[in-house]
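Note that subunit A is present in both complexes that follow, paired respectively with subunit B and with subunit C.
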Partner chain A sequence: MIIVAALALALYWPLMLWVNAGAAQRSLDNGAELGCTTAIACATQLRNPVLPAPAQLGNSLRAMSVPPLAPTSVPYNTLITAGETVVGLLIASVLGIGLAVALVGSRAFERVTLPWLIASQTVPVIALAPMLAVVLGQYGVQGWLPKALIAAYIAFFPVAVGVAAGLRSPDPMQEDLLTTYRASGWQTFWKLRLPASLPFLFTSLKVAATAALIGSIVAEISTISFSGLGKMLAENSRASDTLALWVIMLYGAGLGIALVAVLGLLERLVTPWRAGQSR
Partner chain B sequence: MASRTVALGRGRAGGLPGLGWLALALGLGLLLAAVWNVWNFPLDGVPPGRKGLSLTLIVLGLASGIYGLAILARRMTGVVPALLAALLTLVAVEGLLRAYGVPPGLIPTPTRVATALYNSRTVLLGDARVTFVQEALLGYLAGVGMGILVALAAVRFPFLERGALPYAGLFASIPIVALAPVIVKAFGLEWPSKAIIVAITVFFPVVVNVVRGLQSASPLLLDLMQTYAVTPAASFRLVRVPSALPFLFNALKIGSTLALIGAIVGEFFGTTGQGLGFRIQIEAGRFNLDIVWAAIVIASVLGIAFYGVISWLEMRFTSWHASRRQPG
Partner chain C sequence: MRGTAQPAVHLKDLNMVFRGAQGDTVALQDANLDIAQGEFVSLIGPSGCGKTTLLRLMADLITPTGGELLVGGKSPALARQERAYGYVFQSPALLEWRTVLNNVLLPLDVMNTPKATRQARAHEMLKLVGLEGFAGRYPWQLSGGMQQRVSIARALAFDPALLLMDEPFGALDEITREHLNGELLRLWQETGKTVVFVTHGISEAVFLSTRVVVMTSRPGKIEGVVDIDLPYPRNVETRESPRFFELATRVRELLRRGHGFDADD
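Presenting the complex of A and B:
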């Protein structure tokens, strides 16, 4: 695994030089002052490279991460976005589990709503985010809350569908066993269905975590926001600061991977009986 | 106990579908009356009396409609109950929005959205063509093609599988929004940059699933092929490819959703003036929310249709698979 990473990095150098050389040649032809004479030499020093040179990326990574808790630094804004996403995921889990219980409880309710839930999975829900941001802003919901709500809205459907499938997953044999024990419907739910749905909850939460992160970033872009990865993305996208965009992308990727990893850890803790099976 | 509940359920389910239809029709009628009652008034000019009447009608209509629907939904399967529920909800929303005089710049009523859909149909269809055909579809095909090739290589060379595949899972959890501006900056504002975003997002699920699928071939069958002295190529075609198909289709379905999301999110970071994502963002900024909703309706219809086509292909090509033979 490490060899492949090293190989990819080694291949990255010539690729970077090759794609940047053209742009460097163009700016040299236009008489730009770059402090270098040949296109290849300039390829690592462009202000807006197509692919940044590792040294450039390292420099801006350091410049944008220090001090870590300044309002303009990326780690601080990553934490803000992480907070919004986690609150969104919590809201989504509570609502999603509630809806799933209702779906499993009533067949009629399921027939009326389930087709729409499934259809909503195939719909680019993210398209709703800019509009939700406007509507929530009109009703005076501002700050981090609208971002968390939009993240929750996007994460809600996968959770509801996943938990509903999980609540139905127990073997009929097991249900019969509980019936022979004269367990009430409530006891069956609490002792059998709910634990059986936990693995499904975590699988869908992992899907939902990435979706919720996208939701909160898009929400930050399309509402008035003063902090967060999305606000930094929008700012630097307008300023065409490619290096900053790369740094933010790295942090965003790290946040996405970290969220999924934390959920995986939680899954091990909450459903230890499955630890041997998964992975 | 179990048998008693079943009997009880069946007894109730058998009862009076006519009553259900009647209650549903009554509910819809009440809701339509509520809408008609406040149809043509300026936003803040709905007289309090009419507003109160409409609200009462909506509550009664919803109660009656839901009661009817609950009776009907116990007997009917398929999409009919869901469609009826949507109809009921839409009419109730129309009535509520009109009774409270909610400005269309905040939440447009369903009829306004339908009007906007019809009036701006040429613009929106042009947007849909750019977003779906050029960006989503081309990117999807490129991503799926690359994904299959890489998966084949990974299965052929175990070194690649052990070395590179763990990264595919990592890359799959990168949020597209963080990736999109970088790619738009690198490849320009035209549609190819969005197609590349789509290709990247579709690529990873395809690789992971196809590798898993190719490896899911039963060793017994592979042994059988060997005893028949079948060539490795034919064995690959006869055993490994069919066992990978369900996994491939799973990835194709995941990808169909991701493709539209990728194209729309990519457009949030700059386009040349066409595309559904561009339209949504620009019109949301201008408070033309009826056009925004119309664009969302089109995106949703495209998303559902895309998913539907792939599910249909899946049924045709993997009808032999266990998950299709047995329900559940």
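Presenting the complex of A and C:
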């Protein structure tokens, strides 16, 4: 892990010089005032580098992070996106778990609903988001909520599928065991199916979290937004500010990692029996 | 209720046919057997001869296609409603999210027995199977044999008069199995329960039982019944006695006959 990181860093420097050298040469040929004389030296000082030099990235990171709660700072906008993603994920969990229970509970419901559920996931979010935003806007739903709903729209499916598999996961012998106790359907659900589904729930939530994050960022990009990582990405890409884009990307990656880490922590709290287990 | 004339299990011309796409399977054909209260009866026979099927019929997990079956003088469905039997499955079937103690508590939770006595009862059962020190462990932290003992403690927790056990020691090494045989025998003598015990082991069957029922396959049938008149207490010496050897040979011959082998080849 650490070796891979060190290797990546070691390779980054020559790669960065190589991809930036062309642009640096062109700037020099055009007689731009860069304060450097050779293409290699200028490669670390371009205003919009393809790959930023570590020092450049560090400077931008610092500049864009303060003051942390200003509406123009990246941390503030990361929080906005995080909020949308988390709310979206919560909605997706409730919807997904409810659907899973219904799918497992009734074959008829599954036969009728499943094709539509699958169809719902074939619509690209990027196409769906503007339409959904407009429709919701007509009902006065604006701001962060439509983004959370779009995040929920793509995140509920993995939850529903995962939890349904989990609810079906008990061994037939375990089901027979409860039958010999004359357990009610309700008891079988609470004491067998639900706990058996928890590991599946967390696995699918981790998938859903990344999907929800993509959903909220795409929603921010493709609808009218005044905050969020997506809005910042759209702005800076129009301005070709690659340094800013790199900083925003880093924050986005950090947010994704943080979400999955929090879910991992929650998983250990909720399924303590798996701690130390090798599988 | 011991002492009543009612047999613990009564089967008369019992039939079980599984209907399938590739034709029907006669899992049990015209089985006749009476098991008295307090008996320890083993079912032995080749793979696929219908031993598990017979247990599942008694447990009302499947319904016979013909004949008569009574458990404690009642229909199996009623017996299950009254929670008259405990079932030990071929694999431990523990709930992996419950600790050992909570697994033993499972039937008591489901049956809503008085909360005050539940814990004490579960601890008592764990002690009985020699696992009181493992109450807080999770199933995956236990060996296969220990898991199987937990499942036996679980079946005993609600004190059913009838125990149905499907190859509970099938996956264990010989020495562990013999040890658990001794424990089970002691437990049976102390509690006076009726036990129906499925096994592939001839010596296990002879050592434990009051009677051994030998079955044959295709179609599943009862080939014969061997009365086991070994004296109690039974221990290591019992296994080495000439009488034990004679009885084991009788069972083996019946099994061979069922297999279609000659009795002395």
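The definition used in the following text is that the second predicted complex is superposed on the first by the 263 of 279 C-alpha atoms of A that agree within 3 Å, B and C clash if a C-alpha of one lies under 4 Å from a C-alpha of the other, contacts with A are read in each partner's own complex, and residues count from 1 in each chain.
Methods note: a residue touches a chain if its C-beta (ideal position, glycine included) is under 8 Å from a C-beta of that chain, and two chains touch if they have at least 3 such contacts.
What you are looking at is a predicted structure, and each value in this text was computed from that prediction instead of being measured.
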**Message:** Once both complexes are superposed via subunit A, do subunit B and subunit C end up clashing or fitting?
**Reply:** fit
**Message:** By the touch definition at the top of the document, which applies to A:Trp273: first (subunit B), second (subunit C), both, or neither?
**Reply:** second
**Message:** Quick one: is A:Thr179 in contact with subunit B, with subunit C, with both, or with neither? Answer first, second, both or neither.
**Reply:** both
**Fill in**
Here the angle between the directions from the C-alpha centre of subunit A to those of subunit B and subunit C, rounded in steps of 10 degrees, is 70
**Asked** Touch check for A:Leu229: first (subunit B), second (subunit C), both, or neither?
**Response** first
**Request:** Tell me which partner A:Val134 touches in the superposition: subunit B (first), subunit C (second), both or neither.
**Result:** first
**Message:** With both structures fitted on chain A, tell me whether subunit B or subunit C touches more of subunit A's residues.
**Reply:** B
**Request:** For A:Leu198, decide between first (touching subunit B), second (touching subunit C), both and neither.
**Result:** second
**Request:** Using only C-alpha atoms, work out how near subunit B sits to subunit C after the chain A superposition, in angstrom.
**Result:** 6
**On subunit A, the residue positions that both subunit B and subunit C contact, one per complex** = 176, 179
**Request:** Write out the stretch or stretches of subunit C touching subunit A in their complex.
**Result:** 59, 61, 80-81, 83, 85-87, 89-91, 93, 95-99, 106-107, 109-111, 138, 140
**For the subunit B and subunit A complex, residues of the former touching the latter** = 1-2, 69-70, 73-74, 76-77, 79, 81-82, 84-86, 106-107, 160, 162-164, 166-167, 170, 172-179, 181-182, 184-186, 256-257, 260-261, 264-265, 268-270, 276-277, 280-281, 284-285, 287, 289, 292-293, 295-296, 299-300, 303-304, 306-307
**Asked** Within the complex, which stretch of subunit A touches subunit B?
**Response** 1, 3-5, 48, 50-51, 107-109, 111-116, 119, 121-128, 130-131, 133-135, 138, 175-176, 179, 209-210, 213-214, 217-218, 221-222, 229-230, 233, 236-237, 240, 242, 245-246, 248-249, 251-253, 255-257, 259-260
**Message:** For a test of understanding, state which residues of subunit A touch subunit C in their complex under the given definition.
**Reply:** 171, 173-174, 176-183, 187, 191-192, 195-196, 198, 271, 273, 277
